[in-house]
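In what follows, chain A forms one complex with chain B and a second complex with chain C.
Then we have the complex of A and B:
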């Protein structure tokens, strides 16, 4: 025998070897994806809670025949949280996109101090969200710097109770999110802009296109794919908005800034009705998956059209 | 239509001077090729004509109009990029219509122009095809059509054939020349390929290291190169140059060609041009002007290598001399044998040994 050979002798052996080699990965997938999902489906069909005294696998003793799912359809707080999450997404993601695109457009050209500004611009993204949350919590105090700046600017005393007013709290939370995630948009869109062929821009210019016309006819079509990717990433991430928001308002005042994640967190840690939480999470998972698959299809189509 | 006048044109990129100084007049309707190796400043010159780059100093006039500060979109210049810069996310029709549409022409008028241009360039069948799925020859016609539809006064082409394979290049050379005749525009054509420059251009501007070396018709630059650079750059293969020292003898002025080991007599016309009889000179002659000789007085060199290139044979002469001769395939050549050869007096050119300037043409250079 000349050393250990990985060359299989037959197709059967090859299949067997393949199975053995991928077994660890398969077990991992089973453990982190399949098992928790099955567990979640199981628990979502019961009234089980960690306080009920039984281990989770004994949850069949609390079987409640889809009652959790009927409950969630009538759960006003759940639908309210979903609506607020949608509102946050609808405001923050476009704002981040437009700001990011504007900044990226500025950064395509060379200017003095570009590297420094670039680093500064990316910093919010690197701040731990919880820290950002605390930062904005401080900034938005009624005696805090933001009111102070507004007072100076307007020349009259401004004392908005940012975090305890239902509308202003939402605005404050959105500002924090836009502050933190515009850099990501900027970064992705800058990469996209850099990928627009320079000679096509030059050709368009020589053909008499104005900057605006060039942007509409050349830059946007060329960047469509990357724009969709950037928007998808931020929409998915924004749906899960939690850390910053929770530290700033805790979902309050009342439920004024309670998003899906915050609601789930509260139901899980305060109400401890885990069977219901499992049902909620599963519902969201299914709905989101359907939306994501549709979005992916559109994305693939857009790429095909662009290519 | 418009002539182009470049005066004392200089372009610096930081510490690097891409174009040292350039004076060039391109006549109205002329096909001017700017020829030179990469990095010689030819593309920089063209970019400045187009307005893609601002000159560091000097001026550009289109006929009487000073182009300083005129943005590229307003210069009425058509530009065909090396890779054509076709808008691949559009159809051929959209590409052709781009210029007029951007300049807010009426839709009916745009359609009419596109139809005419498509008909002229034989693109009608392809109008609704996506531009990314087209072959290079069609892309090139789209690129030309897209610029030509605006009826530019000046057409600039930046190495448009460098991406094309050799066989197709020959076809495109003819096609481009015909197009130019039909459009009758002033055309500036940048290339590093002397064959393209020789076959298409009315005049050639040869450049090297940011300096214009010579301007002339293809035959002028071939027959009367002003310096050793032009002599070796034009021609395929380029001119043979051998270092030699003049020596006065009873028969007349001889040039002692150290490397060849012979001292041929200099033709009287050349001898009279040679003012300084002590300094070294370059003794130049074209490979295709060498004829096989037999006399004892002939030049002789060993044959080191032969290249069969089809109709003709390139013979490499002497070890490390990079001298070449071009013969027809019937001339007997054997590697290792010594070749005796002669030159007609009118085929010998002399260049200054240090500056490389053609002796007898010093005044013309510069």
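Then we have the complex of A and C:
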């Protein structure tokens, strides 16, 4: 980063142009982050709702002595949604990681058809998530293709009510997520694997290292940063899971697949208790910020090493 | 690595399996899009992977053609939602790319806006759902609710992190010699940026724009919250395609889904080599 190697009189110009160039982005961040956060803090301290008949800046009339924050501690539905989101993350992200890694190892060296197979395998992640949700909604109908395939394979009639059974519905939304996002892991991990120096692997092979030993002693240490990046990206995105899931089950049956984003969506649009939603949102934002600051330190470190 | 025949067989078998799994959902929807009403909810032996009587009826139906086999008339055709998706995604992309490119250049060359890299990653980490209450209130106040430009503005901000990080890594990678030569020749810095740097960056800019466009086009949640009648986008409109008389309009939805799915699939292949860079905020280059 050195535009600084130039004459001192132009340094001022450079600083001024730099300021002007970054100004629009700064304003957009301010517009979406700073002002709304202040507004959110204010509303979260009240019982205000869009149905209150008062404008939001009059929300102080609905001051409720931090009741929203006490309420959220005892909100079983909120903690349930958080728990389910955690469960989805715990199952989907490792599954996507392992499947993506396995596929990537198959693609390291050259073979006939590599390019076209690679392009096709990336297709699921390019599908609009809401459309992917609809695809799986159709596939998982009790008289639909999945049960049809299972019936053909097992030779007996399978008629699982995937989307209306509390356990199967969860499995179905997880399958959809894994289908869509394994390609992302595959893509990132393959890029990482391609960067592992081949001569080291050859040398180890000559020294008699088995494939497993080579993987553990050479590939994994070399890939560590990339694996951390891939996992962090998926964990962050998976925490927000909404589109596919909401189209498939709407969070149901009951609250069986209600994740944190779905719960937020419902209390925002159906219950309309916006003061309370603001408190929930702030709570999540604070917790995420703490996690994010820690994760970003690790990630920034990892990126520096990788670069 | 030396090639053994059993390994090659294993590899092709595994890849074949992965291809089938990857393609089944897409194939089913594509096939459904060409099925006549009678085959929409076929079961058992009638359930086929290839339409028995392929038809374009579903496509005609979502664009307003009525039919006696369905006792429903669409209140609204797919034309306006497609327009809404296009307008909001394209203008959202323009906002993100202009602000992101300018800021990336300012940081890469002049060290301005050092807070932006982290601030923008943070913006990406937070779930949109957790900041939507104030945005919905502001948008109602500014009369931006249910307009394509209101949606475009949110899209521009939401995808700004990707535009910024992609362009920053592209600028960081770019050799400085030509810019410095132009400065010595007496060009102003602004002229160097607009007349020399940007034209040289045409290809990376196009890739970044396509990447951001795909992100915007793929949105569902934000449009669901910010649009309601006039300017609903394709995914929101699609979810509303059912009727109390006939239930899910499977074929019609599949036809619309196919239309929505095609642009990202095609554009995604076009920018394949930049996907890793974009998705990892430039941490990894291919």
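Operating definition for what follows: the second predicted complex is superposed on the first by the 270 of 307 C-alpha atoms of A that agree within 3 Å, B and C clash if a C-alpha of one lies under 4 Å from a C-alpha of the other, contacts with A are read in each partner's own complex, and residues count from 1 in each chain.
Going forward, a residue touches a chain if its C-beta (ideal position, glycine included) is under 8 Å from a C-beta of that chain, and two chains touch if they have at least 3 such contacts.
Computed from a prediction, not measured in an experiment: that's the story for all the values here.
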Which superposed partner A:187 touches (first chain B, second chain C, both, neither): second
Which superposed partner A:285 touches (first chain B, second chain C, both, neither): second
Which of chain B and chain C A:216 touches, first, second, both or neither: neither
Which partner, chain B or chain C, touches more chain A residues: C
First (chain B), second (chain C), both or neither touched by A:208: first
Which of chain B and chain C A:200 touches, first, second, both or neither: first
Chain A positions touched by chain B in one structure and by chain C in the second: 205, 306-307
Residue ranges of chain A in contact with chain B within the complex: 197, 199-200, 202-210, 213, 217-218, 221-222, 306-307
In the complex with chain A, residue positions of chain B that touch it: 50-52, 72-75, 77-79, 81-83, 85, 87, 89, 98-99, 102-103, 132, 146-147, 150
Chain A-touching residues of chain C, taken from the complex the two chains share: 1, 8, 11, 14-15, 18-19, 21-26, 28-29, 32, 41, 43-44, 47, 49, 95, 98-100, 102-103, 105-113, 116, 118-138, 140-141, 154, 156-157, 160, 164, 180, 183, 188-190, 193, 214, 217-218, 220-221, 224-225, 234-235, 238-239, 250, 253-254, 257, 260-261, 264-265, 268-269, 272, 275-276, 279-280, 283-284, 286
Complex interface listing, chain A residues touching chain C: 1, 3-4, 6, 10, 13-15, 17-22, 24-26, 28-29, 31-33, 35-37, 39-40, 43, 50, 56, 102-103, 106, 109, 111, 117, 119-124, 126-132, 134-136, 138-139, 141, 143-145, 148, 179, 183-184, 187-188, 191-192, 194, 201, 205, 226, 229-230, 233, 236, 239-240, 242-243, 246-247, 260-261, 264-265, 268-269, 274, 277-278, 280-281, 284-285, 288-289, 292, 296, 299, 302-303, 306-307
